[in-house]
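Shared between the two complexes below is chain A, which has chain B as its partner in the first and chain C in the second.
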Partner chain A sequence: MVLDIFLGILQIVLFPGIVFCIGLTFLLEWIDRKYYADLQNRMGPLYVGWRGILQPFADFIKLMAKEDITPKAADRKMFTATPLFSVVVPLLALLFIPIANITGVLSFQGDLIFILFLTTIVAILIILAGYSSMNRYSSIGAARAGLQLMGYEIPLTLAALTPAMIARSLTITEIVQYQAVAGMSILLFPSMIAFGVFIITLLPELEKIPMDIPEAETELVAGWQTEFSGKKYAFFRLSNNLELLLGAGLAVTLFLGGPYGIEKLPGLTALDLVIQGNIVLSTVWYTVWFLIKTAIVVLVITNLRALFSRYRIDQMVRGAWRYLTPLMIGVTAITMLLSAVAPGLYPVV
Partner chain B sequence: MSKLVDWARRSSPWLLHFNSGSCNGCDIEILAALMPRFDLERFGALLKGSPRHADVLVCTGPVTRQQAPRLRRIYEQMPEPKFVMVVGTCGSTGGVFRGCYNNAEGIDNVIPVDVYVPGCPARPEAIALGAVKLLEKLKNAQKQARGEK
Partner chain C sequence: MAELTQIPKTEELKNEYEIVEEIKNLLGSDLLEYKVPRVNRVWITVPNGKHYKVAEHLYKKLGVWFISTVTGLDLKDHFEVLFHLLDMQRKVEITIKVPVSKDKPELESLTDFYPGANLYEREVYDMFGIVFKGHPNLKRLLLAETFPKGEHPLRKDWTPDKWDPKKVQLIQRKPILPEETSDYVLQVGPQTPTLKEPMNFEVIVDGEIVVDVIPHIEYNHRGLEKAFEQRTFIQGIYMAERVCGICSQAHTLPYCDAVEQLLGVQVPPRGKYIRTMVTEFNRIHSHLLWIGVACHLIGWDTMFMYSWRDREVILDLTDLVCGSRVTAAINTIGGVRRDITDEQIHKIRKGMDILEKRTKTYKKIVLEEDTLLKRAVGVGYLNPSYLKAMSAVGPVIRGSGVKTDVRYDDPHFGAYDEIPFNVCTSDMCDIAGRLVVRVDELIESINIVRYILDHLPSGEVRVKVPRKVPPGEAVSHNEAPRGEVFYYIKSNGTDKPERVKVITPTMANLLPIIESCKGHYIADFVLNFGSIDPCIACMCRTTFTDISKSKPKQWIWTDEQMRQYGIEWYQNRGWRR
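What follows is the complex of A and B.
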C-alpha cells in the first residue's frame, strides 16, 4: 500500500511526470530551433553543450535569475498568478498522455474531453494575462488571442474527437488500444483529414508563426507577453513549450498510435510478447517510440513555421470559420455515417 | 548555483534593437549579423521585441534630442542585469553629427555603455566580434565578482 503510493508519487513527479516532461520540452525546443535554423540556412544554437543542446535550459535559468518587474498599473494578483497557472495546467494535462505506458499516469472515463477543456483554459489564462498587465500592446494581444480562440476551438475539438468516434470511446487509453489493433487512425479514411486540421489548429493554439497573431512582433512588441519579465516570462515560455509537447503528444496519441512502435505490425507478435513481458524493456521501448513520433510532429510544425508568413487576424478567423469548421463538421458527419453504414470499416474491438 | 546562473547569463544574450536617429545603415548590418552567414543565434542570441525580455540593448545613431528620453526609458524598462552595445561611429562619438545642435553626440552621454562597435556602417563581422567581446567582458566581471583570478 505504502509502496503503491510512493510509486505513484514517483510517477507523477519524476518519470513520465513533471521532471521528465520539463526536460522533454527543453529537448523539443532545441530540436525546433535547430531545425528552424537549418531551414533558414543558419547554424542555430551551437556553443552551449553538444551543438547547443543546453540552450533552452540556459535561457530558462537566465530568465529565472533576471529581475522581475511588476508594472505599477498591473493587476498584481492576476499578473503573478497567471504564469504559475499556465505552467500547472498543461503539466496536469500531460499526466493523461500515455508516454511510458499504454495508459497515462492519470486516466479515467472520458478524459479526452477533460484534456480539451484544459487546453481551452490555457488560452483563457493567456487572455487574462494580457489584460492584467494593463499595457496597450498586451490588451490588443489578449483581444486577438480571444478572437483566435473563437476561430480554432471548434475545428480543434472536432478533429480530436474524430479518432474517438472511430474508436467509439472518449477515453485516451481505449483510443490507443484501439489503434494497436486496427492500425494508426491516421491511416483510416476521414481521420487523416482530421489530422491535417488538428495540426493546422495547433498552430494558433501554440502561437507558432503563421498564426502568431497575438504576439506579432512587428505590430505589437511582444503581444500579451510584453510586460512579463524574469521569472514570469520564463514560466510563460515553459508553458508554451509544455503546450507544444501536449499538442504533439495529443496528435501522437490520437492519430499516430500512441506509444506503440513497430511491434504491432503483423508478423512481429513474438517481439510484442517479449516487450509486454518485461516492464523495464516496455517502458524504455514505449518512451523511445513516443519521443520519435512527437519529434516528427514537432518537425512538421517547425516546417510550417518556416514556410509561411503571418496571417492577419481577420484572415485567420475567416479561414477557420469558412473552411475549417464546415470541413470538420463534414468529416464528423462522414465518420458517423460510415460507422453506422459500414460497420466493417472500423472494427469493433 | 551562482556559477550556473553566470553560465546561463553568458549563454543566452537576448538582443533588443533600438534606433536612436541612425541613418539605418548600421541597423541593416545588425540584421545581417543575425542572418544566415553570421548568425548570432550560435551564441544563443535572439532578437526580442519587448525591452522586458531583453538582456542586451543594441543601439545605433547619435541620439537625437527627441530620441534621448525614449532611449533612457527603454533602458530603464529592461530588467537587471542589462548591457548596452553601441553599433556604429555615430553611436560611439556622434560621428558626422558631432557639433550639431540637435543631438547628444553618442549613446554614452545618455545611458551607460558596455561595448562600442565602430564603423560607418559597422560590418556584421565587427558586430559579431562585439557580441563576443561583450560576453568575454561579462565572464571576466563574473570571475572578479566571485573572487577568482
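What follows is the complex of A and C.
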C-alpha cells in the first residue's frame, strides 16, 4: 500500500510525470528550432551542449534570472497567477497521456473530454493574461486570441473525437488499445482527414507561424505577452512548450497508435510477448516509440511553420468557419453513418 | 557653366524653349529671368505672387503633374524659394524661382495644384520660417515640436549656440482622441520591431481596423544639409553617401552629377558606364533586401533568410568592384575612383547568372504562394490619379500603373540614354503590384548590368577637376531603388557649396501610403510600411593584433581568408556547409 503510493508519487513527479515532461519539452523545442533553422539555411542553436541541445534549457534558466517587472496598471493577482496556471494546466493534462505505459499516470472513464477541456482552459488563461496586463498591444493580442479560440475550438474537438467514435470510447487508454488491435486510426478512412484538421488546428492553439496572430511580432510587438518579463515570461515559454508536447502527444495517442511500436504488426507476436513480460524493457520500448512519433508530429508542425506567412485574423476565423468546421461536421456524420451501416469496418474489440 | 549656357536654340533644345515661350506669353514683362543651361533643364525667375499663375498654367495647360521638391535659400538680403517641377511629356525639369523678402516671408502655397508639395513646403517653413499661405497644415516637420518658436536653423544667421536648451519647453503631445470613445491610439515607433528606423506613428484603431494614422518623423534629423555647407565638395561625396546606407550609390551619383554640371565637365564614357553598373548593383541589393523584409513583416521568415542569403552575392560583387560591401564609395567628381578588370567582369557575369536564376524562382514563389497573396492582393489600394496628384515616386507609383522613372524621364545623369531597358509597371495598384514591380526591376537591372559589361567603352574612367567650383546652381536626380533622389546644389566660387538640398523618396511616398492604410486591418499596416528598410553594414576586412607576444604582431585578412576561417570553424564543430 505504502509502496504503491510512493510509486504513484514517483510516477507523477519524476517519470513519466512532471520532471520528465519538462525535460522532454526542452528536447522538442531543440528539435523544432534546429529543424526550423535547417529549413531556413541557418545553423540554429550551437553552443550549449552537443550541437546546442541544452540551449532551450539555458534560455529558461537565463529568463528565470532576469528582472521581473509588473506594470503599475496591471491587475497584480491575475498577472502573477496566469503564468503559473498556464504551466500547471498542461502538465496536469500530460499526466493522462500514455507515454511510458499503455495507460497514462492518471486515467478515468471519459478522460478525453477532460483533456480537451483543459486545452480550452489554457487558451482562456492567455486571454486573461493579455487583459490583466492593461497594455494596448496585449489587449489587442488577447482579443485576437479569443477570436482564434472561437475559430479553431470546434474543429479541434470534433477532430479529436473522431478516433474516439471509431473506438466507441471516450477513454484514452481504450482508444490506444483499440488502435493496437485495429491499426493506427490515421490509416482508417474518415480519421485521416481528422488527423489533418487536428494538425492544422494545433497551429493556432500553439500560436505557431501561419496562425501566430495573437503575438504577431511585427504588428503587436509581442501581442498578449508584451508586458511579461523574467520568470513570468519563462513560464509562458515553458507553457507553450508543454502545450506543444501535449498537442503532439494527443495526436500520437489518438491517431498514431500511442506508445505502441512495431510489435503489434502481424508476425511479431513473439516480440510483443517479450516486451509485455519485462516491465523495464516495456517502459523503455514504449517511451522510445512515443518519442519518435512525437518528434515526427513536431517536425510536421515545424515544416508548416517554415512554409507559410501569417494569416490575418479575419482570414483565419473565416477560413476556420467556412472550411474546417463544415468539413469536420461532415467527417463526424460519415463516421457515425459508417459505424452504423457497416459495423465490420470498425471491428468491436 | 558659362560655355554650356551658350548652346544655341537648336532642335535639341526645342522642348525647353517651348516651355520658356509659353511662360513668356503668359507673363510678358513679369518673367524676370530665364535660362536653359543644358538639355532637360529650364530655370525661370518670377516675382512673388506670379508663381501661382505659372504653376496653374503648367498644371492645367501643359500637363506638368510632378513636383520633385521645394527648396528654400537664404541669400543674405532676401530668401528664395525654388519649386522643382518635372515635365514627363517633354522630359524637362522646370525650376520656378521666387524671391521672397526677409521682412515679410510669405508666398502662396502650390498645394492647390500639387497636393504632393505638402511635406516639402512644411520642410521649408520648418527650416527657413517662410510661410506658405493656403497650406492645409503648416507646422514643423523635421524638427521636434519642442523646438523654440521663431528659430529656423538653415537661415545663414543661425548658429547652434543661438539655440538655448533652457528655452526648450517640453510640450506634451495633446491626446488626439476624446475621452469617451472606444477607439485606441496604438503607438508604432520610434522603437518597435516593425520599423528599424526611428519614426513614430500614432495609429488610431477601432478594434482591428485602422481609422487614422498620424506620422511623426522628427526623430532622426541629423542636420545634413547644414553640414554640407561646412564641408568641401569632395567631403560632400562622403556625406551624401551617408544620407542612406542602402542607397549610398544612388545619392552620390546625383551629387557628383550636379557638381559636374557646375564645373562644366563631362565624365568619360567608361566612367559613366561603371557608375551606372554600380547603381544597378545598388538597386539589386536594395530590392532583394526589401523582399526579405516584406516577407519577415508578414511572418514568413524562411523567405527572409533565403533572399538575404542571395543578397550576399551582390554585396560581394559590390565589394569586388568598389572595395566595400554597402557604401560603394566609387563615385568621385569627374568620374569613378577605380577601373574594372577583365577578371572582375567574368566574376560579375557569373554572379548575375546566379541572381537571375534565384530571382526567377522568387518571382514564381511570390506569384503563387497563397498565404502571401492573401496578404498582398487588394490590400493598400492606391488610385493612380491620387498618386499622380501626390507626386509619389518609385515602385509605389509604378505599382499603380503610372510609367514614370527618372532613368527614363531624364536619363542624362548616367548612361541610361544609351542603354535599352523597360520601365516595369503593374496595374494591380496594391501591395502585390509593388512587389511585382520590384521583382521585375531586379530582372531588368540584371539585364542592364549584362548590357553594360557587353558594351563597356574603353578609355579613361575619370577627368581631373579643380577644387574650386565656379558660382552657379544645378539640379540632378536619380532613380534610387525606392524612387527619386533629388539634389540641388548652389555654389559660390569657393571649394564649399553655398547650399545643398536633398530630397529622398520616402518623403514623397509617406502621405499616399498613410492614406492607403486607412480602413484596413492593423496587420496590413506593417506590410504597407514595408518599404522603410533597415541598413546593416558589415565589415568585410579585419585587422588582427596579437598582443600576447612581447612584440605585437599584426596581420590583415582578405574576405576570402575570413570566409574560409568561418567555414573551417563550423566544420571543426561537426557542421557541414
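The working rule: the second predicted complex is superposed on the first by the 349 of 349 C-alpha atoms of A that agree within 3 Å, B and C clash if a C-alpha of one lies under 4 Å from a C-alpha of the other, contacts with A are read in each partner's own complex, and residues count from 1 in each chain.
In this section, contacts are C-beta pairs under 8 Å (C-beta built on N, C-alpha and C of every residue); 3 or more make two chains touch, one makes a residue touch a chain.
Here the structure is a predicted model, which means the values were calculated and not measured.
S.K.: Is A:315 in contact with chain B, with chain C, with both, or with neither (first, second, both, neither)?
M.R.: second
S.K.: Is A:55 in contact with chain B, with chain C, with both, or with neither (first, second, both, neither)?
M.R.: first
S.K.: Based on the superposed arrangement, let me know which partner A:68 touches: chain B (first), chain C (second), both, or neither?
M.R.: first
S.K.: Quick one: classify A:136 as touching chain B (first), chain C (second), both or neither.
M.R.: Touch status of A:136: second partner only.
S.K.: In the overlay, answer first, second, both or neither for which of chain B and chain C A:124 touches.
M.R.: neither
S.K.: Could you say whether A:271 touches chain B, chain C, both of them, or neither, answering first, second, both or neither?
M.R.: A:271: touches no partner chain.
S.K.: Identify the partner contact of A:46: answer first if only chain B is touched, second if only chain C is, both if each is, neither if none is.
M.R.: both
S.K.: Touching A:230, do we find chain B (first), chain C (second), both, or neither?
M.R.: So A:230 only meets chain B here.
S.K.: Please work out whether A:306 is in contact with chain B alone, chain C alone, both, or neither, and reply first, second, both or neither.
M.R.: The second partner, chain C, only.
S.K.: In the superposed arrangement, what residues of chain A touch both chain B and chain C?
M.R.: In chain A, residues 40-43, 46, 217-218, 220-221 are touched by chain B and also by chain C.
S.K.: Along chain C, where are the residues that touch chain A in the complex?
M.R.: Going through chain C, the ones touching chain A are 184-187, 192-194, 205, 207-208, 295-303, 305-306, 309, 369, 371-372, 374-375, 521-526, 570, 573-575.
S.K.: Within their complex, state which residues of chain A touch chain B.
M.R.: Interface residues on chain A, with respect to chain B: 33, 37, 40-48, 52, 54-55, 57-62, 65-69, 217-218, 220-222, 225-230, 233.
S.K.: Which residues of chain A touch chain C once you look at their complex with the stated criterion?
M.R.: Against chain C, the touching part of chain A is residues 39-43, 46, 51, 136-137, 139-140, 143-144, 209-210, 212-213, 216-221, 306-315.
S.K.: Which positions of chain B touch chain A when the two form their complex?
M.R.: Against chain A, chain B makes touches at 4-5, 7-9, 11-12, 35-36, 39, 41-44, 48-50, 52-53, 55, 77, 79-81.
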